[in-house]
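A, B, C, D and E label the chains in the order they appear, each numbered from 1.
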């Protein structure tokens, strides 16, 4: 909301066939190479300078034995491994929460079939529930993704909800949609269209949607502890910048290549971890939550027998937002 | 659906007794050796060339100390270890979702026994539910596996569902089967054949089938982040192609053997991770979902007392589709 | 069922106090040493031959630097670590499924106390449910373990189930026992002995027994992907057979000892992983499912106030089947 | 409660944008560098002394080969990796328990909408439930965090609960709040405002709040086994203090830098693990439970249509308590 | 029960503030150093002897290069890491099961508030349920911990349960307590004090207590596979005893220190894993289940408004049983 400068066409999640061997090295989209390019170039240049200085004046530039580097490098690998694992788990948990929303859309369609047989008021209640369920994931996108487009949300937001000015969805919108769905259920129950057991069953859908909302908020608001991130960053950077001094002796002009390769791997994993840690952004490896929201809308509209469904989101430039 | 060129007889999951020690080295089926053979040969040839050049003209070909390679190799091992773990977890989660479908088939058979004692209409409803439950896993196979055969699905698809032309099952078919099951339950409830508690109990089966469907779609549509895969691929390939330069000095003519062994292990794990990452395909280590669907059908038909059950799927050439 | 040659007295799970330090090296039962003895001896002999040849004619036998071996060895350790972890998780999940059966036996005893107060027909229904619950785990042992003894099953199988010839339990027996339990519940419900809520509560027990059955079948029928196993096997064997060539130079006559120790560790972990992967067999480290089935029977009979309970299974030769 | 000396303004969880490359090395807040600064300086000084002594009198100070250090360092990395993973899991589980409280607040608001339509007594019951739910997380903060401020708790604690003197919340306060909520439900049930199914649904909220309370208590009262912590601490310290002796030979004056870098990484991970292990404190990387409690209060008040919500907690000096 | 020789005052779980840096090295309580002291001394002595022999007669004692040791040591670290992780998970799962008992005590207090408003018979039933719930965790301690004191159990065991001689609690006591609780519920249901829904809700508490009992039994009766433990033990011991031969050459008189440090770490982790594997014992790092049982009793008595609660268990000599 606060950063409209971020381009709306930025996108998330790469969708492409697995490329062949040769092309593998020339893909830029989705690679973190673009983001860590400056750092890798710095390591490359530094390595060249160290080797050059080493050759021209061997005693001037300190050169170290490789053993301590191996030790630190292996320690760093292990810690980066665990850290990436934790970030991947967050990303996957976020995706599971959205999967739960998809399942809830299907459960809602199916469990409210009962209402169709209980008169027009009950059927209208069902329609209202589905309309609100269509709006919920779009509201969640706006809630979770900084600077997300609000066009889709405004297109589907049912009347009778917006007390805040249109175009400025407030931070309680997902809450209010769920509570409005609860109010519809309460009215249907009071009017005798639902037994208490059926009411509890339908409320269970709202409970699990609340759970998904809360999970997404937790992942967004609670990053991996900052001290942890900082320690890994610092160690990775210091390690890669010291690397040339350790390798110059034994590798000679192979040093820049080796150091750049190591830097690419370590900086790359570090950068990927950061992308996965906050899975609701629009970086290439983030989750396509806008596309998922449209997918839920399509499932709900198809289930209500609507024609003229929105087009299924297509990846642009191999990416899905 | 879009790639009929892929042979239908291709199969998934190796089913064979653990082979003896000697035969272990000559098994091709199920091994990833076939898929990574070209790359391993390239490493082998490159190693030979490097050693040859090294011997004939020591100063021409750069040779590096092994220490940086050890460092990178160990880092790569740790990352490949975590990555393979994540892919295995996806594969196992997919298998669990199918296990849930098997359990649901059994629950459906048992929980609908009540209906048999509530008159012919209720018993007919039970039969309809079982028929739809037989169709569901076959529809899910077609939904999840690119180019899957549709013969089994068309054989079991009950009348009254197909609004799309036969032979072209649409992408909402699993949804529609589950909703039709929900409609049967709603009719039974309205007709008084089910108390509200019993209705909720039976709807719970449909809820967990929806969950399994959504889980499978999630695994299929959300691969491991592309940047991650790309980084591991690139590092593994660069590492293996540089290996001969690092080993030629110390290993001499042992270099090709050692480099090929390392390449086999690293390329192999990388390739296996890719196979497990998308567990619904027809590669040798994928899940035999067509066989599982037939297994569910057999459980349901046996439970209804039918004779003439379909044959249990048998592995062909050690593989089960 | 198909391999009666496997001796029935073979057993699973070692039950013994932790031995003292010295005796630790002389225990054979439960150790994988017996299974991997030939391979370790081969490595020992090969090492001796390599050292001998190396000493007598240094130029003839190639000797390699240890660095590539260290690299491959560490990679192999990481992969074996993850693989053993996955196998242990399968084994533990299988044990949890059996634990769920134990909990279900207790829930059944407690939740059916209601029936004792609702007349003789209801009490007879309770007795029938317990008898079937006694038979279920024994049937599951025969279902899961190749060549398991059927004596216990035949002893407890209630009348009115066996349509197949006695002594040849078919593969649907666990299903049929659970369905028969479901039929008892349905009859009790129809006769008014259970409210719908109570019916659903008791059916929940059957649902979780179905879940345990399906989990066990999943673990039995879906081994760790064959390509994975194959790759680890091959790498471990090639690594251990090449080891003497790498160590002969620096270790001299210490080579056989070191190579055998490494081979013992790597072959041993590989072999243990295979044992845990299929936890229902009768190898020393498998689960004692026959003893667990008898334990469930004892819990159920004790809960019904029976005297003359079967003896608790005792480990024979430190092992529990 | 017992340590009022700890400053109340101390805070937890760093909230700041990811800093740029250069600034990364000059951040102190949230870094563990402050806490491990003395130890790192000791290692730095010791390294300098060892190198100096080594240069001036090579035979006096023992110098060791680096190989055993590499071995111990890698072992330590693996163990620290696993240990940090366990601590992170505890921290994340604690955050999940608080997430569950947030979800429960939302469920309570929604599920009690029914009561608004059942007369003033029922509506008053709803208000009482919400007031108690507002007090619960504040009481939990005081329960879990040593020396937490009690102002927020006293502000929101409803009348009719405090039998203990105000300002001295006893250790059963969270229990008593939940039981009082249970008593409100029991009264509503007895007065006929809730069907038994609705009563069970609402009691389920209290059940999951109890679960969250118990989870937090478990994490607080059961640290990672002390022997484990002790072993890792000791090994890490001995390792870092011996490091200079192992590196002085090969690294010369590079030793202090390398040793300090290794010490920073190992001591830092060890210290971070300790911070995460007890996530309810006020160290920089702990959970902002006071802010979370206020967040839950805001959700509940907004849902009741109150104006004049408390201000959302803002990070002070990049930290959120 | 069978080993009264084990002193009753032995205790579990260390409860102490994190000690300062210097004192860290002089703590014995809770350290595994006491248990592995003999082995470490053996390694120390052996190292000294090897170095001495090596110095006096270099050709007599074989000395090996360190590389194979590094390889084996790293492999061992990885395997010990995974193994300790598995043992920690068991320990934590056991603690979670006890946490579930605490939550159940709270749920029981709250959910039975209904009964207080339904006449004296219902209130007496509530009192009986709570008395049985107080006895259950004490019975579980005796059930799980070899040689546990039975005084607490006998103090709280309600009349009408003990058919076995007092002082000799039989192994079905936890089962019988839970069944007796079930019988109380069944009587309350038959007498019309509970609706079927309320009955199912309260029975759910007993179901989860059964689950906790079964989980604890599973952890107690199913250790980590013996072959796995044996392999790790043997490798660790062989490795540490061979270590001096590998280090004597390069480390000289530093060998005993380095070997003892490595042995301390590896033997220590191995010993800690064994302690955590069986978390119900009375070793320093085991779970304080007797204290937890008293804690549950206090929660229940406080909830019933009793005065004269038992004293909260205090750590003796930094340990809590």
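Methods note: a residue touches a chain if its C-beta (ideal position, glycine included) is under 8 Å from a C-beta of that chain, and two chains touch if they have at least 3 such contacts.
According to UniProt, the chain labels map to these proteins: A, B, C, D, E = Bestrophin.
As the structure is a computational prediction, the values presented were derived from the model and not from experiment.
Peer 1: Which is the least count of steps on a path of touching chains running from subunit A (Bestrophin) to subunit E (Bestrophin)?
Peer 2: Each step joins two touching chains, and the minimum needed here is 2.
Peer 1: Averaged over CA atoms, how far is the centre of subunit C (Bestrophin) from the centre of subunit E (Bestrophin)? Could you give it in whole Å?
Peer 2: Chain centres of subunit C (Bestrophin) and subunit E (Bestrophin), defined by C-alpha means, are spaced 24 Å apart.
Peer 1: Give me the residue numbers in subunit E (Bestrophin) that touch at least two other chains, ranges are fine.
Peer 2: Counting only residues that touch two or more other chains, subunit E (Bestrophin) contributes 67, 70, 74, 76, 78, 81, 85, 197, 200.
Peer 1: Could you spell out the chains in ring order, with the walk beginning at subunit A (Bestrophin) and its first step landing on subunit D (Bestrophin)?
Peer 2: Order round the ring from subunit A (Bestrophin), first step to subunit D (Bestrophin): A, D, E, C, B.
Peer 1: In the complex, go through subunit E (Bestrophin) and note every residue touching subunit D (Bestrophin).
Peer 2: My answer: residues 13-14, 16, 18, 21, 24-25, 27, 30-32, 66-67, 69-70, 73-74, 76-78, 80-81, 84-85, 88, 91, 95-96, 99-100, 102-103, 106-107, 109-111, 113-114, 116-117, 195, 197-198, 200-201, 247, 250-254, 257-258, 261-262, 264-266, 268-269, 272, 275-276, 284-285, 287, 299, 302-303.
Peer 1: Name, in rising order, each residue of subunit A (Bestrophin) that touches subunit D (Bestrophin) in their complex.
Peer 2: Listed in rising order, the residues of subunit A (Bestrophin) that touch subunit D (Bestrophin) are 39, 62, 64-65, 67-68, 70-72, 74-76, 78-79, 81-82, 85-86, 172, 175, 178-179, 181-183, 186-187, 189-190, 196-197, 199-200, 203, 206-207, 210-211, 213-215, 217-218, 222, 224-228, 230-231, 233-235, 237-239, 242, 245, 274.
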